[in-house]
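Labels run A, B, C, D, E, F, G and H following the written order; every chain starts at residue 1.
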């Protein structure tokens, strides 16, 4: 008969900067769950930890760079992708993952996102979509459902959100999927898969932000949002959902489609090198 | 289409391993996610708190041997605070 | 006169609102110079919450609290964290059921949460505390706080809040000697804000 | 339900909120912004308030878009504002320059935090004050104010709108996290006591023919400010960020460029007396002058008072406006005063201007940021320099 | 028997700043053709010329603002759209058209483009796509076909271009079409139509830039590119072309699909106004 | 076919091309840029040349992306560059600040044109020189050089790369349209005669454990420059634009901020002697000193020579480096020299620094831009001030 | 799908109007687009040039009455340099 | 010695290349100080093209041409536009078939296009002109220009270019008195570049 045992080390501690734990994220925040998937994927990737690099922008999700025990760059708001593009092209043997938030990647960083997808640069993007700007206190953003509330939308958000998989597909991404923080195995597997899928890959992971989005929208805590995912998510098998239906509305009793949406084999961006270049 | 999230585990009973649950107390923020999503309902909220005042998970009474080492608690814990190791010894 | 007040607890206890009501009473209805500041940012998120007020009959230059004259601690963490920073002469107010003070610490305790629950709404714990605080310190008047409550909280919750305030106020009167502030000598070293 | 435009009365108000209320009271009816600590509360307050008063609140995709959007809205005739902090201000620089070039009135609030780069997002700084002057490419002049209290967050925001309209120029409100996040008494006057200096507007009727017959950039000699025409009024105006003549037409010559850029700069310099605001304290007989602004001026004021209590003839020259720099005033002061102490939450920025204009070395009480400078180091500097 | 007659005025002169003609565009440049369509559409719109406003960014195409005899704003590179958004929301009675180039709108301005489309702001975008940055001398850009040459791609462009109608559809535009400078009547009609179609509309018009794109890619002059359009364009009737096929490659003998691709009726963006607001 | 890295020999070369060749010769192997007149030829040349030498040329979607990309590539170990003009420089400001904060070596070329705003795209200006110093939010220091000929476009580009690496700092090459677009003789030395100062690199082997055991921002007292670690070397580094300690970890305290920002600024100031370049001409016995840089210095040199021919004891102090400003030198000069004339193609920017440091009013020969200042007005100023 | 651009005009012959071609000489940049795309081949390149040195369009010999006022030349001219007006008088 | 040269024509005539070859000959092979500048920008596009060279045996401060000592006009527009700006003593070179000079204007004319066409490639008109220019002005030498041609044009076009150069050169020798430059006095007013 066993009670719970105390430990002061976690099996993944070598992957994270355990000296910085506990991290700054709020209780019930989903970011840590996704970071765990990423850490696990690195472990299973067979690629030396030295060759993995994470680049983040600014935001709660952007703090991931500071917690991963690999080479890590915490850049400026919205610019993680071009920074990562430069890094990857300068040193192609690195496995460069951009780990950042929905606001960082799709609001201020939207232009780099679509252009990196268009070019099909071989970087791996993990986008934590918590439907708002958590870091600055729960403002609405380009992923907030229409009508939902936020600190800058006290009367409800008047804007339509992006449908990110559709947008990424149209921009040219090679591989696009969506999961939630309840899909921990799938998220990990998909990140792992993306390491082996050359070109621009984009994995959106829906995550609770109880302090920001949750508070304004009657989702009491991370747990409640996790249950919502469990109850409403529907796995898409290839082609059975119209792109338009991918739009998420957490407030309505509509299915949330998850799964892999785009899987292409376009050759990744290669800068021009002339033969016999010195 | 297939509802997916509801069946995260392979619960076939034949070769179920047994797990020992570990916690890093001071990392826990009491979000209760591990507790709610444990398929075996092994965990419950503690009455005590850690130094930060959070109620961490503990083993529910009568569940001392119920952990099947599915690791889901570890996978969903945002804090890297809980994990399980496979127990030596006899399967169920 | 310059007094520094810190009210601290955890998120959800309404600490910020308490500060706003108190500050308003002092600044608007008592006509004193009053500044309120708060800690911000993700590092300040971990569930803790505090407000700081400086009140003075002269203009307030440096707005930050450095050595509180009054500390109201609504959580153990708040007590532990802030107790060391107060003036030697400071008044320490605690939530009786949530804070266990050091054995040698002279504190003014009130079971504010319990009283609030008796009134039917745990959410007014902070206002019970404020009543206690007001009576005990006489930094401001019952009248001023009541006005501040009326112009700050949502209209339909005014009666409840006034009730809660009264409960805390009465609790102080019947259990302690009020008007504490003026009877204490400030013997603390001058911090930056004190010059 | 009807909503109040001007919240006349006494309030215990957050600095950022006071700024937002100042904007509403001044008639701001368009805000385009992007959240950033410690300015976000301005946006949040306006997101609630502007819909109440028939104004437009839009959260843009970034600061580039925010700055461009407010220029567009101002050209549509609205009083407009955005609010940000250092990183966002850096992103606004190109379109701030467009605002200067097109002479589009607008108010840009920078609630300064610890910088450079992402720095200390939730902690104060005053290190964007030179950027306010020089951050965009090219020669230009604009106006910057620096409030030191929530009350001034209200008052100077109103002034900023008036100055922006009066001189057709972007006005920066360079505040800091301390002032932005502090709650203090704010007295909002009755609506009819709030200054409203309207934009200078063309007097003639549009001819309707366009084709250069109207000159939207022809300025009177007196103030060098051309009347502002808005879209949809029939003037068939053309506004371009290229060097342009009085018709607004691109004119790619060094002469036109010299004329235009000189006017844009002179417009501010020549009207500097109307624009500059300073707040002297014990200056009448001061031998040692402390120069400070924003939150630091609060400590400086305290330090000067304590110095006076010790019999030291110190004075405080609080810069309520930062740009244009009060050259003349400092010139005059320099004639009699030997010692200038500049206290600021940066490594010495306005100090450079004081040094330049007074032609003497200044003593600095500097801190890179993160924490308000306390009165003591300033007092110490005063004592040491007596 | 009539020979050609000399004139010093054109029937559309009241719509353009004729005092500034001849304009700066090179012989055979297509921008003037599209501007003519726009001028004609204004004339036929029934909306007073006073209420039409044009906003441009920077580029040869961006110079259009300077030649239209209506209220006109020539802003900064990439920022025409947010400027127009501010203007439109400040004065909703105006008919605000953004007229600019492919580089201006989709390279540096790409973020504003997708966000204005997402919000469905009621502005009319006319995008001159000449497959390169003409103004700065023929560099490749996000619309340059892969392999095509430009002054910054002397060995051929290594990047894939955007498929603009697809991208705009995914971002949320209400109405999207594509024409070329040979489709002068359709372009005019479509601009006219967009005036009556609330929400974000996007009309891409392919245009020769003989000095930039043409010179680097063996298209000798504007005329030759016009003939290429005549020979290769295929009109799409609803739904018969897969979004992926919309990608243009001027160098290959593939069809260039033109027509209307997206026609939706989403309500346009409206800022929140509370009832009884003063 | 094999291609040459260093085009050793004499060339009749375009200024922008000389800059590109300087970059290639200095070992630049990554360029991320966005076209803008009059800098585009740099990108165009590199688009041809980098693929020849195994480097990476990428045209980014905008200047924000360009600046971020070169920082990333530099962190990957490459020597990196971007090139732009005023409007683009304004857009780079936020990430230039990141470069300073992360101490990432990079070279940013600004071929200045008539400004502000879109201004005069094809005509020269020198009005971004204050922006070079103050354009990003917060306190910081960086290095800026200003070539006056295609030869210097080559030479100073090489120097810029070396200084950037030596001090882990972004280096700006503030040139102008005249110099960028002029064709002149350029002598490219043999490969082995081109200076190459390598980045300071950590000496120890990475421990591999990470977790703060390695301190990528620990600097030696001597030069305040920490050795640079690159991605993929096993150090498990963390770089953040937040205020950080020596481990690179965010540390949100005023003390750490003060320490970090002061070091970043001091790093440049303390090494100023190694960084600053000036070119004196007839300075030994000069009574009247003309200060100029870039293309304007050509006219200034002519003017000084003509003044000397007339027996006027004029001299030229050409600023080859602009930032850090040679304070000490001007201090010394001010002891003996009464008259300083600053000639620049703006309304007086570096003149402010000269005024500040020399503590005397300077005479300006200013022009807003669009046309190079000719020798005459400078000569006239010399004569008038004799 | 339908090839569209090839038939920009309704060329039915019945009620064809007649057009008079006008040119604003100094606006023309000699791109020849109007010439090539005139369905009636009414235009040809002039031998003379305007002040800027461009060869403007002129009426081809024998085509003096061939213009059907379809206005295509005006629509495709990038320079606002050419247009037609309907001729009074008898249809063809 | 300081000479200012302007070569102007229309786009496609290879004016820029002519400037580059001439400049290279002067700067590299003759060792003279030489600066070349060009007009840029959209307003400079309308088909016109020109290059400006300043050459001197001293260092060149001001790099712009203000009053050309030599003008080579390959189009009527170029002649019309630039003729007024030259020094009174200037040498004016024109393409005979493309430029009709003012009746009282003393020009040196060559049918460069025709000669180029006779050589089979109209594209070398500019090089024919350069040969003519070289012989006529003796600003640089045949040898220097030939070296500059060889190191500037594409390898396989060298022979044709040399032929074209020779043709122009011979044309000058057989029709005009060479070495013109030194025989002319510079009487022009000093422009900005002249001080």
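To be clear about the criterion, a contact is a pair of C-beta atoms (placed from the backbone, for glycine too) under 8 Å apart; a residue touches a chain by one contact, two chains touch by 3 or more.
It should be emphasised that the depicted structure is a prediction, and the values quoted were computed from it without experimental measurement.
The chains in contact with subunit B as well as with subunit G do not exist; no chain meets both. Chain pairs B-C and E-G differ in how many C-beta pairs they share in contact, with the greater number at E-G. Rounded to whole angstrom, the centroid-to-centroid distance between subunit C and subunit H, based on C-alpha atoms, equals 88 Å. Taking each chain's centre as the mean of its C-alpha atoms, subunit C lies 55 Å from subunit F.
Averaged Cα coordinates give subunit B a centre that lies 58 Å from the centre of subunit E. One simple way to say how far apart two chains are is to compare their mean CA positions; for subunit C and subunit E this gives 63 Å.
The residues of subunit E that reach two or more other chains are 18, 26-27, 58, 74, 76, 78, 107-108, 110-111, 115, 135, 142, 153, 155, 271-272, 274, listed in rising order. Counting only residues that touch two or more partner chains, subunit G has 52. Residue positions of subunit H touching 2 or more other chains: 41-43, 46-47.
Within the complex, the subunit E residues that touch subunit A are 107-108, 110-111, 114-115, 118-120, 142, 153, 155-156, 158-163, 166-167, 169-172, 243, 266, 269-272, 274. Chain contact summary for the complex, subunit D toward subunit A: residues 34-37, 40, 43-44, 47-48, 51, 57, 59, 61-63, 87, 117-118.
Interface residues of subunit C, counted against subunit B in their complex, comprise 10, 46-47, 75-77. Residues 10-12, 37-38, 121-123, 177-178, 181-185, 295, 298-299, 301-303, 305-306, 372, 374-376, 379 of subunit F are the ones touching subunit H in the complex.
The touching residues of subunit B, when paired with subunit A in their complex, are 1-6, 8, 20-27, 29-33, 36-37, 52, 54, 57-59, 64-65, 72, 74-81, 83, 87.
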